[in-house]
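Here subunit A shows up in two complexes: once beside subunit B, once beside subunit C.
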Partner chain A sequence: MRKNMTTSFAKCLTLWAIVLASSLSPFASGVARADIHVDITRGISEPIPVAITNFADSSGGQTGPQIAGVVTADLERSGLFRQLNPASFIQPADQILAQGPRMADWKTIGAQALVAGTVTPASGGMLRVEFRLWDVLAGNQMAGLAYTTTADNWRRIAHKIADVIYNRVTGETGYFDTRIVYVAESGPATHRVKRLAIMDQDGANHKFLTDGSDLVLTPRFNPAAQEITFMSFRNGRPRVYLYNLETGQQRIMGEFPGMTFAPRFAPDGRSVVFSLIRGGSNSDIFNMDLASRHVKQLTNFPAINTGGSYSPDGRQVAFESDRSAHQQIYVMDADGVNPHRISFGDGRYGTPVWSPRGDLIAFTKILGNQFYLGVMRPDGSGERLISQAWHIEGPTWAPNGRVLMYFKEGADGHTKMYSIDLTGMNERQAVTPLDASDPAWSPLLP
Partner chain B sequence: MAAAISSDKEFNGAITTSFIFHVVLLAALIIGLPHLKPPPLELSQPIAIDIVDVGPVTTTQVQGMGQVAKQNDNKPAPLPPPPKQAAPEPVKPVPAKENPADQRKALDDLIGTEAKKADQNKPKPAPKPAQADPQQFDSLLKNLSKAQDQTQQTNAPPVKTAGPAAGAPGIQSDKLTISETDALRRQIEQCWNVPTGSKDAGDLIVEIHVVVNPDRTVQSADIMNTDKMSDPYFRAAAESAQRAILNPKCSPLNLPPDRAADWHDMTLRFNPKDVL
Partner chain C sequence: MYQSWRKSWLTALAVLLTTGFLLTACDSTADKANDANANGTGANTGAATAPFSFDNGGTTTGQLAQDVPDRVFFALDSSEISADGRATLGKQAEWLKSRPNLNITVEGHCDERGTREYNLALGERRATAVKNYLVSLGVSEAKINTISYGKERPAVDGHDEAAWAQNRRGVTVVQ
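Coming up: the complex of A and B.
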């Protein structure tokens, strides 16, 4: 009996010892642990240092370095990347894909991202272009793609590679594989010659679309196709035209009893919003379905109502109106209902252009003796002025809604196009052979 | 019969003993276990300070700011007393003199020399913030209308130093050290490239779990809110925050070396609210 009691007691003691040990263990390991939280609420805004190496080319040409050059130029032009000096690169470019990047070498020179690629011949005289993007600090690959294309298409491939890198690092959709249509200007102010022109967004492959015999204005791209709409004074009649860039065909959008101007495509490309003056000086905004030719009047107010621009979801239209004595920006539903004013600052507001990203509306503003380019949210809040000049007009958004292009006119009458990031940083002049105005940014090329 | 009665007594005694033992043990667990856990680390609240010109009395040591940094890093969280604690140190290099007035004059001369040195050193960091737009210190988004308003102000805001130099273990100012938390924050701010232009950038709040080696280098920096990584904007913001911590310019982290064990694990929360 005594022996049984002793055994039971010993078992009970052992059980409690186990319970005690298991309950104490978290504390034993956690004595030195501190639960620390630090908030970081400020930072810097600088281009990301990136090392873009020459693409190794075994096709017998210079396509590899050429592609790397265009990729570098695209990313630097965005203002969000900074190419490091290639003379500082430690690891040879041709070893990176074969042996893997030596991250320590790239960290040493301050790179935060690394790009390497190869160009190799493919069947049928084609080229295979392969590239990889690495996060140097985290030490992992971020992207890797390969393209097969004809040799003369290398520029498009370079822009597509730049788009992938840009998208992967910033989260933004790319915009480098796009084109700009604009009005090339020449001659004195009294005999100004204006021609439609088109070029890649980096200025390459420039060509004229019209010969300058007719005055042309405000070309605007179809967001869904390689087509533009513009205003022309052909035969002395100011009307809206449609121009298919792939076929070269032009046609009048429609015959109207009055002057039609300020055309802009709806996001789906199936209709065009435009302004119409029917006697007098007032104008109203209309929408025309290109397939059915059905026309719907959107504004009906005795004022100058113009400059319609759709939201990317097609549900609202921003426009300019002087119904409250001065030019202001309004937003209405796509069927014309519920027009309400959104601009309330000092000065006169005009030329609203809704960002493809949906979160901002670009506009121009006259205040004092200056023109300003600005952005505001669709409810009118958060107004920021990001550029100024003697005269600024014609903002157009890149298809990713991150970059704006517009033109400035100096007091001497010369016009130049500029691009700028929506943050207001990185304003750059676009290189054109002649004076330039009224830019229109294409969607991403297919 | 007697044996049965005896075993019953023993049984009751054993039960009683067991009961008492259990009660004592439970009491010990309830009362004693909480004391095994150390009190939570109390971080001092960051003390907001204004960086102003060097005053007539400074806490710097004679040798210069580098050594001051080391001195201050060893101190606990800053409290008003430090000036008194540091005061004796500048006196050490001064040759002892019998006349207290001479000692004070010598100290004043020494301080004046250091103030001049500090003034000479000041222009070096000053041009950097001076080149930035005045409004850019408050927001990384350009706004010409705000710039116009600021140029009309008669009193320009005091030039604020950018914070600890990258990688430096201490401070640029010869003022009193702010808390270790604020020192780390100011260091990381210099390495965090804020994605200012992203859609809804103000909502891109990222948490990074950081494990720090004893030598104050980063062992790992892991993104915590991985459920949002399918959003390309969030992923870009998260990787940007991660790069800030892994940036060699911010290594080693600005932490007191002798308390690295306390900072072994931390969570950094990146919220761009103050710059948008």
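Coming up: the complex of A and C.
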């Protein structure tokens, strides 16, 4: 009874998208990627000016303006886009789709991209949401899509639209139609209450998944399903658990004689890499196939070996170990052979998390009295520190491998989550109702 | 956004208020060996009143009996039993050997200046060091469980070396 705050996640998937052929429109000239391509690998100091007009709503509701608001907020939060002041918009929004954009008007106010849309009623109480994106400088339509969906699903439609705009302008896959699972914290440090919680990446639709009676830590998303793995101290036995987000069901992952911890899904979602204490003073890394329950040992070294994280191709595992006296990051093949150290800078290194793009490993570094968040290549080269705090920990990647989230703790003991661009720019706090730690970014929703 | 957040928050609160009392009743029997502080006082938000179970956070001067301290302390990133620790565990061993029906759990704890998963492993290493030393003094291995809380249950809510020294500890708890 205590774990049944289920999500009704499947309800909203009566959704489909239609790419509008350019022939449907007298002014569209097909999808183009032209003058406003943004290279986000170099770091952006000047966000691209966009004009996102209110979606004209003929359904009798406020869904149109609400969608425009969420699209605007998503794009602005990325740090790559800047919404122009709507008071400067010359052409009325309802004329844009009907007559085509007057590009000269939009150039005049400095817009480089223009977004317009409509919300109209569809059969069965559904809504039809259409939007178009134009490259103002080139005069081209870059995207045109329509979605038919239930009215209560408008937020996801807005995130999908923002993902399309982000993709067409930057060339990267979007990450707005995603969720964050994390640990909500409250109470004094000596008796901290920790609950699993989940929310949309923009903080909406927040809900608690557990009630705080068990200490829970380190939730991680299955990259292939609506499932998380985490650690719980339920019944005084610290073990790895699985949580099905569609049914709300929790189950322990296997029966082991000692503590199991530090779980993380393999890229295909079919197995979990985790750490197991056996014989007391050492921990080794194992993999458990969730269907067959077959367990295989990946490390066998008398030291602390933990924090396993697969490369996105599933061929290698990054982990941390103190086998060389202090906590450092290592990489081994997925069958456990060829372990080799990759972190050689000053300080201690932990929490390796392989980017979904495969090109980088995020980590936590402890040096002196400070914690740092950084990235390095899988061969250990190119170390770059992108954030610093008295305590900073727990990196997780957005599914496009361009944005990281993590938590920071101030000297006041409060923990808050932040997102940051890979370049180290655009650090922003993720707003949560309570203190927050151990974020895990979901894959793009289906 | 605020409305939907508020709605789910209130729902969660209602569930907590309903289940909280039941869980409190269960835990009071399951955890009777824990000290009074281990039952917790609730969250600072005034909303969550979830009970606590199975931890020994928040206490700094526990004793198993008069002149038998319940804990030993560790150096930074170390699981070595100090001279003071050996003296404490010697007293614990004598006290335990005269009470053959008692079972104990040794909790391993860390300070906050490490990463979460590493500290879970380090805490287990500390608990095992305490266990092994007690066994070397003749306490039956079968009577000793270990558990690591990593950095999750500090004895002292502080952010300086004085607090961290008290939090890097192994605590013997009678089951």
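Quick notes on this one:
Simple rule for what comes next: the second predicted complex is superposed on the first by the 401 of 446 C-alpha atoms of A that agree within 3 Å, B and C clash if a C-alpha of one lies under 4 Å from a C-alpha of the other, contacts with A are read in each partner's own complex, and residues count from 1 in each chain.
Just so we're on the same page, a contact is a pair of C-beta atoms (placed from the backbone, for glycine too) under 8 Å apart; a residue touches a chain by one contact, two chains touch by 3 or more.
Every value quoted in this text rests on a predicted model; they were computed, and no experiment measured them.
In the overlay built on the shared chain, the residue A:V337 is in contact with neither subunit B nor subunit C. By the touch criterion defined above, A:G424 reaches subunit B but does not reach subunit C. In the superposition on chain A, A:A87 makes contact with neither subunit B nor subunit C. In the superposition on chain A, A:N167 contacts subunit B only, with no contact to subunit C.
Once the two complexes are laid over each other on the shared chain, residue contacts for A:D135 go to subunit B alone; subunit C is not touched.
After overlaying the two complexes on the shared chain, residue contacts for A:Q112 are found with subunit B alone; subunit C is out of touch. Contacts of A:G307 after superposition: subunit C is touched, whereas subunit B is not reached. Comparing the two interfaces of subunit A, the one with subunit B and the one with subunit C have residues 1-2, 5 in common.
Chain contact summary for the complex, subunit A toward subunit C: residues 1-2, 5, 186-195, 202-208, 211-215, 217-218, 231, 233, 235-236, 238, 258-259, 261-262, 275, 277, 280-283, 304, 306-307, 320, 322, 326-327, 350-351, 364, 366, 390-391, 393-394, 411, 413, 433-434, 438.
By the touch rule above, subunit B contacts subunit A in their complex via residues 7, 10-11, 14, 18, 25, 29, 33, 36-38, 40-41, 43, 140-145, 181, 184-185, 188-200, 231-237, 239, 241-244, 246-248, 261-275.
Against subunit B, the residues of subunit A that register as touching in their complex are 1-2, 5, 9, 12, 16, 20, 23-24, 27, 30-46, 48, 107, 110, 112, 135, 137-138, 167, 169-172, 345, 357, 359, 372, 383-388, 401-402, 421-425. In the complex of the two chains, the subunit C residues touching subunit A come out as 1, 4-5, 8-9, 11-12, 15-16, 19-20, 23, 27, 37, 40-45, 47-48, 50-55, 57-58, 77, 79, 112-118, 120-122, 124-125, 127-129, 131-132, 146-149, 152-157, 159.
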